[in-house]
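Letters A, B, C, D and E name the chains as they come in the text, with residue numbers starting at 1 for each one.
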Amino acid sequence: MFRSVVARDLMLAWRRRSDVFATLFFFVIVVSLFPLGIGPETQLLRSIAPGVVWVAALLASMLSLGRMFANDEQDGTLEQLLLTPQPLYLVVLGKTLAQWLVSEVPLILVAPLLGMQFNLPSETLIVLVVTLLIGTPVLSLVGSIGAGLTLGLRGANVLIALLILPLYIPVLIFGAGAVDASISGGEIAANIYLLAALLVVSLVFAPWATAAALRISMEYFLTSDI
Amino acid sequence: MNWYKYSSPAAFYPLAGKLIPWFAIPAIVLFTVGLYVGFFVAPTDFQQGEAYRIMFIHVPAAWMGMLLYVLMAFYAGIGWAFNARLASMMASALAITGAMFTLLSLVTGALWGKPTWGTYWAWDARMTSTLILLFLYIGFISLQATIEDPRRADRAGAVLAVVGVINVPIIYFSVQWWNTLHQGATIRMMGKPTIAAPMLAALLIMLAACWLYSIAVVLYRLRVIIREREQRASWLAQGTAS
Amino acid sequence: MLELINLDCVRGGRPLFRNLNASVPDGTLLQVEGANGSGKTSLLRIVCGLMSPENGEARWNGTNVKSLGEEFSQTLAYLGHRNGIKEELTPLENVRISNAVAGNELKTEDAQLALRLLGLESRQHLPVRYLSEGQRRRAALARIVTGTAKLWVLDEVLAALDTAAVAVVRTVLERHLEAGGTAIVATHHDLQISAGSFQRLELAS
Amino acid sequence: MFRSVVARDLMLAWRRRSDVFATLFFFVIVVSLFPLGIGPETQLLRSIAPGVVWVAALLASMLSLGRMFANDEQDGTLEQLLLTPQPLYLVVLGKTLAQWLVSEVPLILVAPLLGMQFNLPSETLIVLVVTLLIGTPVLSLVGSIGAGLTLGLRGANVLIALLILPLYIPVLIFGAGAVDASISGGEIAANIYLLAALLVVSLVFAPWATAAALRISMEYFLTSDI
Amino acid sequence: MLELINLDCVRGGRPLFRNLNASVPDGTLLQVEGANGSGKTSLLRIVCGLMSPENGEARWNGTNVKSLGEEFSQTLAYLGHRNGIKEELTPLENVRISNAVAGNELKTEDAQLALRLLGLESRQHLPVRYLSEGQRRRAALARIVTGTAKLWVLDEVLAALDTAAVAVVRTVLERHLEAGGTAIVATHHDLQISAGSFQRLELAS
């Protein structure tokens, strides 16, 4: 049934392909905005590139997270998912996995191109991809908690941002840190290990937290929207 | 003869079919000629070596990219104002071709950049504005892709295209201005090399080829779109006939 | 066998109903009636365990639904005021997927059978987004019909349905009862179920 | 009636204060993320500050624009607004004004504080506020077009970003340019005049475009959502 | 005087109804009936100018509604399947604001009068978010009742309403007709209007 949850969300995503591309291009555009705001000096740009790419990744994943449960809630399918004969933990994990596959993986694939825009050396690009591979699942997992909590509150998107961006900060620091290090010749491995640690932790705890959050918000709905 | 009758997709469909070869074949011929002249006749550039030959693709592509956007907006506007379905379809067809050329100019430009000034990308004004142009294309295309109802897609696209075309010059000059503001930009890329006659010839031939190619491809896409919409209508009709 | 024991329901400090008792043996339909805002939806959600009562409990075969968890979900099918179907998907896909997610892999034929029964045959491949209000409700009902649940909890089941559809719902409910199923239905319109045994529960407001 | 449209939206915003604060915090957080992603070099930070603040403003306004018509559409009140006996142009203008007051003005108020984080000189802060004052209405006006076009589409809030961020670029360039200039002692006035010009243009044309977009969207997605 | 002239409605390439004609003089109620998906909602939206017919036109006092624009909106009140009320606002605020936006400043007393009539007095200060389905529908109706519109276009007006509310709707409609108003109502349940003159329109599907 875990599989059918994933399948369901992948199918829905396929029906909304345009979403996926939109998230992708949002990522690309945000990254490209910064030079326009900051100016074309190659040197300066290269030094901020890791931060910019990572921040853009954060924002992009945050945007797509807003839709993670909200859609299901509005049409009442979320109640059904809650009432399926399987641990909510699995449902959440399934939806999170689907979200990662659909919204984050594409970002990882284009990230190197964006890196080139900032003239990052190729080994740095590799580090960038690796950190994203380890970091983005953390974003999805942690983000799902926020998505669950803010479910049904108005302006959920912005609220989610508010709730989960702080939780993203460690990911940002280690992720961007590693890439930075590979430019300035600092300690790469340490950062990556820390990212991995974050991944393990969130993989274990986040789905539980999200499941709890969902239960709470649903109770809230009962009183809030019949 | 009466041209109005061709303003209906159904009537235009066969005409387009007839026209395509008249543009496709010359396009192929000119491409071969242009590339031949460009890569074998035109002399090696004394400062850039062989790398400069990429120009014969790059420059026409860049020009087409910009030009087709304006055309697209024009057709979209017509389609919206006069509720002319064919014009709207034309706009949709142009969008993809234009995006392709823009992308091509970006790629070739980047490839050219590596040998000439040692990096794939710099935030040069022209590069940047070309990139933004690509974004505008993508916005138009994905908006239309998201909307099922073709009539809504046409009109929504038209609004976007028209707003965009008002913005294109603003964007273009703002980017120039931005780039000169920060005196950081060290690389001079578009320094017009004093072009030798065969180079110029190749450039012009390639340009003509791109034109013919665009027309042919757009006509082809137009046919595809017309067919798709007819199928969609009929599919829905039989999908829901009770 | 569903039992409601001394249920109190309070919403926002306003009591809706106080120690409500009922026992619905298998093969029985409980029709919950009452004015708008009398607490029908709330009651149904309590039965599903989607909401906790102030006091008392709802029992399925003797145990509190709250403590039953997953295995209760297996026997439960809930249809609320909202249809719980996906606009992007066709009725057919909706029926199949919502069953699959509930752990009940469905053959296409069976799904189509249910859709034909509900008069959606001609729309089975049309995304729900294009359907009319009543057709959406029908699609939602198709999900229930194809399910394996023993206990049906249907809120305002006849909403937006035309007379033909109402008749279908009636026969479907009768079948379900004859098969030993249980149903608790909130509605403003009389169901006139002939088969199975039939109870009324009037919520005063 | 124009006034009552504005009043209506302000009241709704008041009921959803959380939104307003959320947008604000989003702005603050995005700006504050950069020092974390990029590292503490004061010099570097100062040189990127204008760009960062402006990009953050862009993103924040974009996020809140997603909700501009969507909420009204979902509960069917937008139909009512379309059916009110007044030119749609005015309705749109009213809603845009309200959106600006609610979502942009707060940003302008906190911007100086953020500027201080990057220890910008005080005259630069003034320039920052001025550019935001002139620039953000343009964002709202242009953004409303995107909001109208993407109304009722799946994943509208991402698509909207894709559509309007490129259109925002001139605002970004002139806005950040002016601030930048006031640091590096460049041409401030010119940028500000250009911003003002943009404001005038968009004030005249944007509401028409948005009204058109709304008509288009309503007429047709009503066929899709009954 | 509302006239429907040779209306054709096609949705997604599928014809719903073909040259439909009707003329509804003042003081008359037109009840639109038909199976689910027969085109009631579509027809009502065409009348409001929210949708364009394939052919034909809807006329108000002789002129096409599409070309009337604002002054037609003044005479029109539309209630669709969706309630068109704000969840954050209380019923009272909803009624007042939606009237204000339509250019009709309302005294609090009048708004409260309407809410009392619809049995929402006790909930008038409770955000709609907390209301039950039927109470929401009632709040939506309060908007119509307080409005100054001459032409009422009501889709599935009785949805989710209990018997008491149905009676209220009936009396309200009768008043409206007696005051020379016009109404076009889509519903699956008979309205049994006694006052004013009454027409039926059956959409075959």
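Convention: contacts are C-beta pairs under 8 Å (C-beta built on N, C-alpha and C of every residue); 3 or more make two chains touch, one makes a residue touch a chain.
Keep in mind that what you see is a predicted model, and the values were worked out from it rather than measured.
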{"item": "B-D or A-B, whichever has more C-beta pairs in contact", "value": "B-D"}
{"item": "Farthest-lying chain, centroid of Cα atoms versus that of subunit D", "value": "C"}
{"item": "Farthest-lying chain, centroid of Cα atoms versus that of subunit A", "value": "E"}
{"item": "Equivalent-chain rotation between subunit D and subunit A, CA atoms, steps of 5 degrees", "value": "180"}
{"item": "Distance between the centres, which are taken as Cα means, of subunit B and subunit A, whole angstrom", "value": "34"}
{"item": "Centre distance in Å when subunit C and subunit E are each reduced to the mean of their C-alpha atoms", "value": "30"}
{"item": "Length of the line joining the C-alpha centres of subunit D and subunit E, rounded to whole Å", "value": "36"}
{"item": "Euclidean distance of C-alpha centroids - subunit C vs subunit D, Å", "value": "45"}
{"item": "Subunit D: positions in contact with at least two other chains", "value": "16, 153-155, 159, 162, 165-166, 169, 173, 180, 219, 223-224, 226"}
{"item": "Residues of subunit B touching at least two other chains", "value": "135, 138, 142, 146, 175, 178, 181-182, 236, 240-242"}
{"item": "Residues of subunit C engaged with two or more neighbouring chains", "value": "11-12, 41, 81, 87-88, 123, 126, 130-133"}
{"item": "Touching residues (chain side subunit D, partner subunit E) in the complex", "value": "1, 4-5, 7-8, 11-12, 15-16, 75-77, 79-87, 218-219, 222-223, 226"}
{"item": "Partner subunit D, residues of subunit E touching it in the complex", "value": "11-12, 41, 45, 48, 50-52, 70-71, 73-74, 76, 78, 80-89, 93, 97-98, 100-103, 127"}
{"item": "Footprint of subunit E on subunit C - complex, ascending", "value": "11-12, 34-37, 41, 81, 119, 123, 126, 130-135, 137-138, 156, 159-165, 188-189"}
{"item": "Subunit D-touching residues of subunit A, taken from the complex the two chains share", "value": "15-16, 18-19, 22-23, 25-26, 29-30, 33-34, 36-39, 44, 47-48, 50-52, 54-55, 58-59, 63-64, 66-67, 74, 153-155, 157-159, 161-162, 165-166, 169, 172-173, 176, 180"}
{"item": "Subunit B-facing residues of subunit D, complex", "value": "142, 145, 149-150, 153-155, 159, 162-163, 165-167, 169-170, 173-174, 177, 180-181, 186-187, 194, 198, 205, 209, 212-213, 216-217, 219-221, 223-224"}
